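By letter and in written order, the chains are A, B, C, D, E and F; residue numbering begins at 1 in each of them.
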Amino acid sequence: MSPMLHLINKSPFERTALDSCLRLAKPGSSILLIEDGVYAALGKAAHAGKIAGRMEDFSFYVLGPDVAARGLSDAALIEGIAVVDYAGFVDLVAEHHVTQSWL
Amino acid sequence: MSPMLHLINKSPFERTALDSCLRLAKPGSSILLIEDGVYAALGKAAHAGKIAGRMEDFSFYVLGPDVAARGLSDAALIEGIAVVDYAGFVDLVAEHHVTQSWL
Amino acid sequence: MKFGILINEGPFTHQASDSAYRFAEAVLARGHEIYRVFFYHDGVYNSNRLSQPQTDDRNLVALWSKLGTEHGIDLVVCVGAALRRGVKDEVLAEGFRISGLGQLVEAGIQADRLVVFGD
Amino acid sequence: MKFGILINEGPFTHQASDSAYRFAEAVLARGHEIYRVFFYHDGVYNSNRLSQPQTDDRNLVALWSKLGTEHGIDLVVCVGAALRRGVKDEVLAEGFRISGLGQLVEAGIQADRLVVFGD
Amino acid sequence: MEEYDESGPEVVKRFMYVNRRAPYGTIYALECLEVVLVAAAFDQDISVVFMDDGVYQLKKNQDTTGIGMKNFSKTFGALEDYGVEKIYVEKESLDARGLSAGDLVIPVEVLAAVDLSEIMARQDVVISS
Amino acid sequence: MEEYDESGPEVVKRFMYVNRRAPYGTIYALECLEVVLVAAAFDQDISVVFMDDGVYQLKKNQDTTGIGMKNFSKTFGALEDYGVEKIYVEKESLDARGLSAGDLVIPVEVLAAVDLSEIMARQDVVISS
């Protein structure tokens, strides 16, 4: 069975969705950060360690249009996070057996 | 000037409203927990220390009808939190110069 | 004492409107006055008279409408927030009126206390 | 591949409907099919044809309506969620239909992928 | 033929409904329960998960008379009658809240995150709200 | 007479608008800005606070073309023209996000929580969303 795709759309500063996802997602899964979830991808922010410490367990992606909207295109993202556009978002959903949104 | 009343309506497990309030509220203020904010009043929950450790800085209140709705009437609340009803909520607002909601 | 109330969320989805309603009832029971209830953000949905909850559920639109009418409380729906969300005069419940954000600021000036209910 | 989309929030207040719309466009551009878009919770507000955002803002109701009509996409609004929120046939935009929750479950069965957008 | 294969009764998918929100503060808990009750009528493999603040949905002794809302916690008892038998609660979420299975309105299977994780990964459709 | 006293121009209250939410993920940031622009027309003492994720509202270089929403960050520049001059940003919130005043679209007064706390306590009306 192919691994799952997890969607995170909440800021790691305000909600615990990312924490719960990192606790429950099976290693080998992929995690895509969208909407306010993209703040979790910032290399300089206080929560950066949460993702940086799990790079071997998960494949991390971030939605580029949401990054640009928030003025973060010039900000350093955590190393190893891949930036995708909406077409890439669709491809990720198609490539994974099931998608779970951590609302 | 009379102290402020701060309203918290978010669960301490899911949002950071209580943390921000405890950081910004001036000692001497009052804090009323309503809606999902009442979960912060539970003595046995992991976050109990946040409030228990600030008992000397703030007066804490919790809205009884919201406690009962959530099945917590028989649960031990953190010692020193006063339970009020909606009339008590109104009195608290009237007694304080200004009310701030931490949405 | 004169109270102002600001409601930021629609009925049902968040408890804000329920809490504000019970608070408003208690304000009146305590002998205070309600200067205005202002509905902003998704709060504008509280004025949609088409709302038809299940018969064993509370009907928040009807409750506000009744409270406003019976006690002469000014229920103001923000026109800008309402327009984008499709709340217009043709679906407005009795007792509500649509007006501008200045009415919120005025409530802050005129009321002795302003309490915000939201998400 | 057949995609199902579930939208839990109304237009404007949360980005959910915007994200879902851009995702739906990309699904079609990638040559996939959209089996159904199901509107639940506050998502039912996306079908309110009275919605009238400022002229320089996007009109999500109109965008969904157009996407559904032009591509023959089934846009289903949950009847229970819609009734309590006052979304009825008399305000329903073109291209949407009101039906039961079974349509969501069926979308889960029939579509190869179901993606949820919400708060 | 293909259409029959897809819509016929032999297509059984694993559906998981994930509850992570407290009751009453928002409507998601109630409306998710409404989905599960409808979903039970379909011949699919259903499981319901309660984790994070979602475990509070199942807390015993809810009394909503003071807030004017329906106490829907009693409806969870109907899940078994509807044939919904896979009801999982995350142990870590219970522990953090000082709760145990005895505090809940219905019997549930309490699972550690690592075990719940395995079950989640086997689903075909995950619906959250 | 009493009515004149209350509504006359000499009644000046301290209004504080508190922004704790990120832009675009929700509409609160935009609609709060709409309130502030209207409020500026009243002769009251206005201050605007950005803290927690609210500081992201002021981040430079926002480009919303890819998400189809209006980039309203440019409108913050109008606050000064509207006479809104007390714009406070909490230092702790900036620090936690690896940001500094130079990353923001407008000049602001960066205040430590303990100092912001003093200003908050002096308000007559606090509006949050």
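What we mean here is this: a residue touches a chain if its C-beta (ideal position, glycine included) is under 8 Å from a C-beta of that chain, and two chains touch if they have at least 3 such contacts.
This structure is a prediction, so every number in the text was calculated from the model and none was measured.
Undergrad: If you average the CA coordinates per chain, which chain's centre is most distant from that of subunit D?
TA: Measuring from the centre of subunit D, the most distant chain centre belongs to B.
Undergrad: Please tell me whether the contact surfaces of subunit C and subunit D are same or different in residue numbering, using the over-half criterion.
TA: same
Undergrad: If you take the mean of the Cα atoms for each chain, which one ends up farthest from subunit F?
TA: Following the centroid criterion, the farthest chain would be E.
Undergrad: Could you see whether A-F or B-F has the larger number of C-beta contact pairs?
TA: A-F
Undergrad: Working from the CA atoms, figure out how many degrees subunit E turns to land on subunit F, in steps of 5.
TA: In short, 180 degrees.
Undergrad: Could you work out how far the Cα centre of subunit A sits from that of subunit B, in whole Å?
TA: 33
Undergrad: So the centre of each chain is just the mean of its C-alpha atoms; given that, what is the distance between subunit B and subunit E in Å?
TA: 29
Undergrad: Which integer distance in Å separates the CA centroid of subunit B from that of subunit D?
TA: That pair's centroid distance is 38 Å.
Undergrad: Indicate the residues of subunit C shared as contacts by at least two other chains.
TA: In subunit C, 8, 12-13, 15, 19, 22, 41, 57, 80, 114, 116, 118-119 touch at least two other chains.
Undergrad: Using the touch rule from the top of the page, what residues of subunit B touch 2 or more other chains?
TA: Residues 9, 13-14, 16, 35-36, 65, 85, 98-99, 101, 103 of subunit B each touch two or more of the other chains.
Undergrad: Send over the residues of subunit F in touch with two or more other chains.
TA: As it turns out, subunit F has residues touching two or more other chains at 24-27, 52, 67, 69, 124-126, 128-129.
Undergrad: Can you name every pair of chains that touch?
TA: Taking the chains two at a time, the touching pairs are A-B, A-D, A-E, A-F, B-C, B-E, B-F, C-D, C-E, C-F, D-E, D-F.
Undergrad: Please give the residue numbers of subunit F that touch subunit C in the complex, ascending.
TA: 6-7, 11, 13, 15, 27-28, 31, 34-35, 38-39, 41-42, 44, 124-129
Undergrad: Going by the contact rule set out above, which residues of subunit E touch subunit C in the complex?
TA: Answer in residue numbers: 24-27, 67-70.
Undergrad: Quick check on the complex: what are the subunit B residues that touch subunit E?
TA: 9-11, 13-14, 35-36, 39, 42-46, 64-66, 68-74, 85
Undergrad: Okay, in this complex, where on subunit B does subunit A touch?
TA: Subunit B reaches subunit A through residues 13-16.
Undergrad: In the complex formed with subunit A, which residues of subunit D make contact?
TA: 1, 3, 8, 15-16, 19, 22-23, 25-27, 29-30, 32, 113-119
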